[in-house]
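Chain IDs A, B and C follow the sequence of writing; residue 1 opens each chain.
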Amino acid sequence: MLRFIARRVLETIPVLLIIATATFFMMRLAPGGPFDTEKQVSKEVRARMEAHYGLDKPLFEQYLLQMKHLLQGDLGPSFKYPKRTVNEIIADAFPVSLELGCEALAVALALGLLAGMVASLKQNSFWDHFPMSLAMLGLCVPTFVMGPLLISAFALHLDWFNAAGWFFPRDRVLPALTLGAYYAAYIARLARGGFLDILHQDFIRTAQAKGASGARILLRHAMRGGLLPVVSFLGPAIAGLLTGSFVVETIFGIPGLGRFFVTAAFNRDYFMVMGSVLFYAVFVIVLNLAADIALVWLNPRLRFE
Amino acid sequence: MGLSALCLCLLAGCGKRQTLVEIADRAQQYRVSNSDEPSDIDPQIGIGEIEHDIIVSLFEGLISANPKDLSPLPGVAERWDISGDGKSYTFHLRKDALWSNGDPVTARDFVESYHRLLMPALGAQYAYMLYPATNAEAFNNGQITNFEEVGFKALDPRTLEIKLHSPTPYLLSMIIHDSWFPVPVKVIKEYGAIDDRANPWTLAGHLVGNGPFVLREWRMNSHILVEKSPTYWDRKNVRLNSIYFDPESSYDTAERMFRSGQVHTVRQVLPYKVAYYLKNQPGLINDYPLLTTYFYKFNVTKPPLNDKRVRQALAMSIDRRAITETVSRAGEMPAYTLTPPDTAGYTATARVREDPAAARQLLAEAGYPDGKNFPTLELLFNTVENHKAIAEALQQMWKKNLNINVTLHNEEWKVYLDSMRRTNYDIGRGGWGGDYMDPSTFLDILMTDSGNNETGWSNAEYDRLCRAAANTGDRAVRYAEYQKAEAILMEEMPIIPIYIYTRPRLIRPSVKGWYPNLLDQQNYKFIHLDPTLD
Amino acid sequence: MKAELTLQPAEAMGAEPSASFWKDAWHRLWKNKLAIFGLAVIAIMSLLCFAEPLLCRYVIGYSYEQQNLALGPAPPSRAHWLGTDALGRDLLARLLYGGRISLMVGLCATAVSLTIGVIYGAIAGFAGDKLDMVMMRTVDILYALPFTIFVILLMVFFGQNLVLLFVAIGAIEWLTMARIVRGQVMSLKHQEFVEAARALGLRHGRILFRHIVPNMLGPIIVYATLTVPEVMLLEAFLSFLGLGVQPPQSSWGVLIKEGAEMMEVYPWLLIYPALLLALTLFCLNFLGDGLRDALDVRGSKD
């Protein structure tokens, strides 16, 4: 397994390099820069500011400089927020996104697995079609519709929650539900399929013949196998949760990294964009690795090839 | 299923909750939804109204503004003298004005602050607010390097003398602006270079100010909390205990927060909701005019827009009232001039006329009868719903009245700014908010060498009139020059005025002492909260 | 018990899948009422949306861009069956027009991802060994990355035109297709009919694209059908960020975003677009599921 991990890490390095390069050139070649403002500054002042941040050097030189800083772990200053460095901003905002993502994932797994289990046990009955239809709903309603609907119902009319913010524990509920809904739906369908596969196999019938109940069978025998497709899905799901959080963070006023990333792109905050992109990439790669390891653990027949 | 419903109920904690606003009312904490995370609360770097609303709580200038009518109130200066020729101002500072670290605020502090603002390396966007002072512009552009030559002098620790290169009767209106605020130069130097934009002196725990409040907490993208200052000279008149700034940037979310009782005020409501509030909940909204004009700029270098008859035709064939009443619908006033009416007592007499028939005639004279052979022009605007709606309306109006085709092109904010700066557009959306109460703040932007011109329009007579007006202190003479200048504008039509902005602000009834004004200046000394009114 | 069909429908046949395979599949699909319902709805919806210019002229009476400023946003009435938006434009007309754009984005972006995915996966599967390993490792790594971030950057920096939208979205979705295609090709390339073609001296490309790929149509169709809803949701997401189509054009994503903002004051502006999008996505998913059952295609991770 260690060899597997080492190989993965080695493979990741050229990928990160490519990402950093692509991001760098995309940003510099795009029209509009960080110092374009509604009330334009004089040419001299603009020149001074660009010199201060090294933006007046030839492009390739800037690129090499950026790569050097990245290797040292220095993500640079932010243009939009002159007093902050990108490292600080990410350190501040990322734990929030992480918490939101974990809670959404927990919601997705809890609701999804539950629905999937119930549906697989009661295949083709009402308890199969109903949860699966609900799941379909989760797949077909965009987050930026679900969010305001939930807020309207539970925060504004019923007054159970605040409409936005991230201060009290209860502020977590609606955002986690909104973000988790899509993944709950997907997981429900995957889990149902996975469990059905297992349940139709011979060894299950043996257990049934021995008198074990459906739920018991599921939990003791089918769980491992049934979770396989779910765990496989977790890789892209985590990536999706991270990007899905852009929307949720905007709707619920959550101070997470997703929002920072999007506004940085709009503000041409070069270093912030680069920092966020790389940060996300590394994070997702690490989690994907964890998911792959979990996959092998769940299914001993797979190996680290 | 039943289990999850139970969990939901437990989480909700069934029963009527106390809203944050109700709690805050009793604690005299003013909760403001401040529309975005401030880029910086350094008065010399923070530039927008978002930053401004926080800065005025932490710093105080020579004078402050009366929120009812923007008249000058004594601030750090308890009185001032103006010389006969209007070129020299002397401010006498009060002796009990202190920084929050206990140091007295001296005239020297002001001189050094202005020095910092004008340092080229700082890249201060509002450095131009100091340009009335002698040699200030030259220093800012690096043409001179000795600050002694600039017109700011500390005659003694409590007397500040400002010398101007020409009489500027509206100087007091300019001094209200944050760019004229003092900054604690000694403290700034402790944290880094004086002209380094990244100097962290404004972070919580570092910041020293001289205003009615001090910075207690600043969690990025989360909140800023300021508390009543124990060292402020006028603290007995400060009735709020603290102000809480929430940086929510989505107006939708902010409005929901207002409804759910999380904030006392939201700066702006989205246009379509304004009509709804005005009709159904008028007690919660205050829609007041701003000193800001919404207009479209012509690229006068590109044919056929280089023919002023074409420009006039386009400006005359739209229905501004229809736009303000049915498109933007926030109670804006149609604008027929660049300067808003009654700007410090000045109202332009030359106005654009709305006359589709005459417009068609002009277009025919220019060589495009009934819009024949008229090239398809592009309308540029930044991607905001309201701008899109107005652009679509203009497109339809020109089609109907002049039979010409115009395509719409929206660009993302930075790209749009870049395009406008390079005059890379046909007809582009623009707007300008006055920085101070005088017509020059508007008319100066269309001078030939103004960086904010962007139209390619250059008129020697217009430049001459504006400069002449700047060189005299006599209001009647100045305004007469400006009238002539605006007459040229309406004849040449490098811009199409559309409407005067309003600000539809949501504000709870418990907030007392808040007054609307044309520059949307906040003065927290006047505000207090009355819990019985919510 | 009937012999169960596996991932390789052509396995037992040796040549092109026989006509009876497709007939059987269609038969199975036909029995799945939900899938047929989905198919019918999609067909009708597409017809209506692409006939939008005619419908607007002769039936509805308003075009998608015709404003009525005096009227403003109005609830459904006889004149405007689904109501009007903030500029007084007929919502039904805008929905039909928006549907055209959304469906087009769905189809084109899926086509893009299909093309890239099939070519890439087929080459990887057919080549085997080192090339295959490199190509698939790349896919594995790319799979992990939040592509959406790049799409956002692309749209922000290089403007919002429709073609860029197709390509950018399509470029996110090709990975799954590539994996499936590779798996299929790998199992098919050892078949007798492939050996026969090789013996005949046919070139690799010809074997690959004229003989193997047609045998994989089953899974390809299924995943293409399931990609369309993801693409449409992605387009809606970009619209939310302000990166979608430009005015006065609109798409369902844009309409839903506008409607979500005005939801409490003018609910019909959200209800109808959201319903229409949800219905379309529902139907596409049902159809995809039905196709999957009919062609008995398993999950992609094997």
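Just so we're on the same page, contacts are C-beta pairs under 8 Å (C-beta built on N, C-alpha and C of every residue); 3 or more make two chains touch, one makes a residue touch a chain.
Source: prediction; values computed, not measured.
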Task = Using mean Cα positions, find the chain sitting nearest the overall protein centre.
result = A
Task = Sort the other chains by how far their Cα centres are from that of subunit A and give me the top one.
result = B
Pair of chains joined by more contacts [C-beta pairs], A-C or B-C = A-C
Ask   = From the C-alpha centre of subunit A to that of subunit B, how far is it in Å?
value = 38
Remark   = Whole-Å distance, C-alpha centre of subunit B to that of subunit C, is 47
Request  = Would you mind pulling out the distance in Å between where the CA atoms of subunit A average out and where those of subunit C do?
outcome  = 23
Shared-contact residues (touching 2 or more other chains) in subunit B = 252, 412, 415
Ask   = So which bits of subunit C are touching at least two other chains?
value = 156
Ask   = Considering subunit A alone, which of its residues make contact with at least two other chains?
value = 30-31, 148, 266
Note = In the complex, subunit B touches subunit C at residues 252, 270, 272-273, 276, 322-323, 325-327, 329, 383, 385, 388-389, 391-393, 395-396, 408-412, 415
Inquiry  = Using the touch definition from the top, list the residues of subunit C that touch subunit A in their complex.
reply    = 137, 141, 143-150, 152-154, 156-158, 229, 233, 236-237, 240-241, 253, 256-257, 260, 263-264, 270, 274, 277-278, 281-282, 285, 299, 301
Key: subunit B-facing residues of subunit A, complex   = 30-34, 36-46, 48-49, 52, 77, 80-84, 89, 92-93, 148, 151, 154-156, 158-166, 170, 173, 250-253, 255, 259-260, 263, 266-268
Note = In their shared complex, subunit A is touched by residues of subunit B numbered 8, 11-14, 16-17, 20, 37, 39-40, 42, 45, 47, 120-121, 123-128, 140-142, 197-200, 202-203, 219-222, 246, 248-250, 252-254, 256-257, 259-260, 262, 412-419, 421, 451-452
Request  = Note which residues of subunit A are touching subunit C in the complex, please.
outcome  = 11-12, 15, 19, 22-23, 26-27, 29-31, 136-137, 139-145, 148-149, 152, 193, 228-229, 232, 235-236, 239-240, 242-243, 246-247, 261-262, 265-266, 273, 276-277, 280-281, 284-285, 287-288
